[in-house]
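I have a structure here, written as structure tokens, and I will follow up with some questions on it.
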């Protein structure tokens, strides 16, 4: 029997990796994927607790999160395409128009 | 008649308003008629008032007229009120009388000037201010006149404003006068806060109750007032403006800088004699300053070549005499000399003006000479004035000057040293005045041909005032003959009600030793006459008989001569010690204190914030990743806070 | 009907400004005409008030007291005494003259300019009529905005710097004032159990000695910056030099008076003990301002900054008079506020007139103007003389009373301040000489036109006032006297009650102003009353 | 050590490995593939936690559809991992970022360790109730208690579709790239919709 904390720790590690990915990646797409990874880590926690408490509501929420992730991916990728079209780069450091 | 007192100053004011407001629109004849007419009418009113006053019993000779309340704040209550008493009566007669003559003279003198109207407007304004000064019944109104005449003096000295030296001199006069006024103001404050009033009558009445005789307060108050007097009446150390004031038109010099305005200080001291009598130390200072100025200015007068400057220093010197008289508590003698001086010095200036007029505006005596035959009337009248100022018996100056010398010797406030100073000055005066006469009217004609062609006797409007003044210079002294001549001193008697006179104890002392003093008085009189005659002889010898001797003497004394010609370098001294440092200090305040320190501090504060913000704005790099880093870091901190906080 | 007087005179210019909003921006003459009419009518209203004002009665007149924000105790409380009355009249008169003076000098942004002018007028009058601290604060800040634009938009080359400096200085002060104001507000609630900003009510609240010092300090800083008192004056030369002529006139003529007015209306009645404790320090600063301003004026090269520094000196006189805490001093100070508005206003107008002709204000560019512009020279002379306080001009009466009062407060104050009179003559006459006298050396000055009828129309009323106040100041002094007495009685009355209590409070950490100082000042004050 | 544990350890290691490799890759295509690997490993964990339906969804929608969408975009933009990505970050900033990530993980682990998890189900996962995590159970909840959120999600998706179209649409109508973009956006929506 695997203790619930093991799943939680797995989720935490995945979340941490996702965070590092967002912070160090210079590629917008990889960054985006890191965010997806973080979302999934959160989903893992929801599912683990759902299982531990035997309440299925967590599943519904995860389902909703997945849908939102899909929507986000659609809009986000659309944005990436537009940015690339305008600036011809996916280097996130180039998009520093908001400074000062 | 008393209710028309206000007309005396008002008439010249009306003249000023007409000439001033309609400047440039009136023909010259109207301008001169208005100007002279207003002063003339004022003179007539003054004469009538004088006789009114004379008709009153000696103790009740006082005409007052209050027009309205000028300033009132709490206990301060100042009226615009005029007061005619024997003292101011003499003053208004002198002011309107001499003033009228000079107005008339000016019509001729200024005939060719472009700014005819402006000139007469100023002159009328001056007469008005001077009359306010002498008629004021309180300190503050007197101060109005005091500053008013200062203003007119400023305007008239700088009348030919296109000349740098003229406007400089005007400004200098005004500022030096302001320094004196500063003293006047302080004196006024002290008096007001002790007596609670600024009215002359109240102050005179209450002063003995309020002030301790000889105490510090009254002494300081009197000294402050005296500072005012030194400014206006050109005494050491504030005399420097008067010689420069000769940049103005000559009639102005005659009216303002000889006959009337400069004597305001003497008038003021005489007016406040009650206070001065309570402050013997202050009186002593007045006497010493007066005597010192008399001698000092006379020595400078010896070496001046500009005809007007000689007269200017002579004026300073004669004013010193008047202060000497006041300082030895012989106020009526001071006023007497003021009057006679007004006659003969005005005459001298007008004569000098006539000479300058003839010489096409040249003033250097070294370029004159031999004018006697060209300008007979001018010569005669000026000679009379010279004799008067030198103190030749029979002429007005003799009586007044002699009285001062005698009082400085005999008065309980007097001292032999003061007499000696006055005595020497008398000799010097005679010398430099005759030097002037000899250089100007005798000897060879040293002017250039062009000037020579234009020499002419002045027109009637100028010579008639000269003649009238000459008559006054001769007979003016008769009203104040010394007791030893067996005549009554009408002048002293007339002024007696308003003069505090020497203290009782001194008066009895004077009476007791009267017998012994009579002979002494004769001796001193002869001594001074003898000295004067010797001085005249010396002048004749050096400048007429043996001009070579004058030259060699001048060479021998060249050091002293240069010093004298440069007026002891007092102007330079003031420039180096007061004016330059003040300007440098001001520049320091502006450039260093204001711009660098205060503003620099504030701007520094501003730029400090600017720099801090500038440093901080780099945090806003616009890079998503650095924002994300900070965000995550923040999350860590928040979580850590709760995690650690929960333990 | 009487209730409406103050409201009308305050808000009529605002109404005018609103009307101007609907005038198309390119119809210059309509805009100018409308503003002139509005300003003129406002002036007539203020004359009417002057006429109906009872000079004998003490206390506030034409009072209006309506609740505004009831829950916070903010009232629409207006009222005037003799001090505010004169300042209102001064404001309206100067506004009319300014509108006339700006007739040709403003060419761009005419609409905005005149709207700003009218807004400014409302703000200024509002400050003088408010008896509610909150209302006062609102008007105080409202006035900043149009002035900011006047300097920042229609000013000289460094106008933005000057405008920002002006606003920052003033804002800094008013921020502290706001804090102090709120403190007083809550303190009053603790004292009387109700929230109110009503000045007249708060005036009766006794405050402990120590908080008084802080509160006075906060208010005083706000007002001192506005005056401006010596170390806070550096915004003034910049603002004046850069502001358009009209802006300078209003700034010097009215805005500076707000500071001194604030001292009289708020600081002194509200914090009597602190007033006495601070008196020596403020007097010394005032004297420094007098001498410092005069000395610095002397070496200025720009006529306008010379006049600006002379304002520092003159306002030093006003401060000195107020803080000599006797009737002569305070009356003189109030009169001098008016005088300074007139003379310095006129000086700025005059400088503006030659600036319009020559587009320079440097003294060395002029010389010999008396020859080419005699009328100008005459007006200039009269105003100069008024500025240096020649008797029978307005400056003298004020200065004399101030010096008399200062001399009473402390002999040395009087003596030192009097030296400012000498220095005033130095810098003004020297400047006058260099500008007006001498030969016309600069060929550009050769063909200058003398003053036009419009310009004379602007200056004549001021000259009339100069002589009127100089020769017959009684109507003004009579109106000032009850108000000044009122202020002083507040300082005096409260202090007898309060000072004895404050002996117990031995440590006075703020200034080290011991209660001995205050006691001595009190003794002098009583002496003055006697 | 029973089979469950072995499966968990294997899938956990694979998930972490996949995630790590994803962020370590320079080539985005490789990143996507590693992420898919990680997701599949996670799906195994879901199944272990009796979330059969979600495990399936994760593989089908996420690993299948969304990741393909990523791949499409990468290919569309023709990225090969050789793009200019600017200066590599400085060692210090890299170090800081790793530290922050590790700190974050440690903090979470610390919370998990400190949390009173033993109180529920003794910290161990017992037997799941019957039908737990089945499609039926999830569907029942979704269409009863969570009906409104579910419907709102639908609206959200619609908005996302419209938004993606608008954002990705070329401003210049004549642009040759335009059609392509619209197609991409269309694909987006289709995929997301499924």
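Letters A, B, C and D mark the chains in the order given here, with residues in each chain numbered from 1 onward.
Note that in this section a contact is a pair of C-beta atoms (placed from the backbone, for glycine too) under 8 Å apart; a residue touches a chain by one contact, two chains touch by 3 or more.
Just so it is clear, the model here is predicted, and its values are computed rather than measured.
Remark: the per-chain Cα centre closest to the mean position of all protein Cα atoms belongs to C.
The interface with the greater number of C-beta contacts, when A-D is set against A-B, is A-D.
In this assembly, the C-alpha centroid of chain A lies 6 Å from the C-alpha centroid of chain D. Averaged Cα coordinates give chain A a centre that lies 98 Å from the centre of chain B. Note: centroid distance chain A to chain C, computed from Cα atoms, is 66 Å. Rounded to a whole number, the gap between the C-alpha centres of chain C and chain D is 71 angstrom. Of all residues in chain B, those that touch two or more other chains are 629, 632. Residues of chain D in contact with two or more other chains: 97, 100-101, 104.
Chain pairs recorded as touching, per the definition above, are A-B, A-D, B-C, B-D.
On the chain C side of its complex with chain B, the touching residues are 168, 231, 233-234, 292, 295-296, 298-300, 326-328, 331-332, 368, 370-371, 374, 385, 390-392, 396-397, 400-401, 403-404, 407-408, 414-415, 418-419, 421-422, 425-426, 429-430, 433, 436-439, 471-474, 477-478, 481.
Residues of chain D that touch chain B in their complex: 96-97, 100-101, 103-104, 107, 110-111, 114. Residues of chain A that touch chain D in their complex: 1-10, 12-21, 23-27, 29-30, 32-34, 36-37, 40, 43-44, 47-48, 50-54, 56-57, 59-60, 62-64, 66-75, 77-82, 84-85, 89-91, 93-94. The touching residues of chain B, when paired with chain D in their complex, are 629, 632-633, 635-636, 639-640, 643.
Of all residues in chain B, those touching chain C in their complex are 23-24, 68-74, 76, 80, 140, 143-144, 146-148, 151, 154, 158, 161-162, 164, 167-168, 170-171, 174-175, 178-179, 181-182, 185-186, 189-190, 192-193, 582-583, 585-587, 589-590, 593-594, 598-599, 602, 606.
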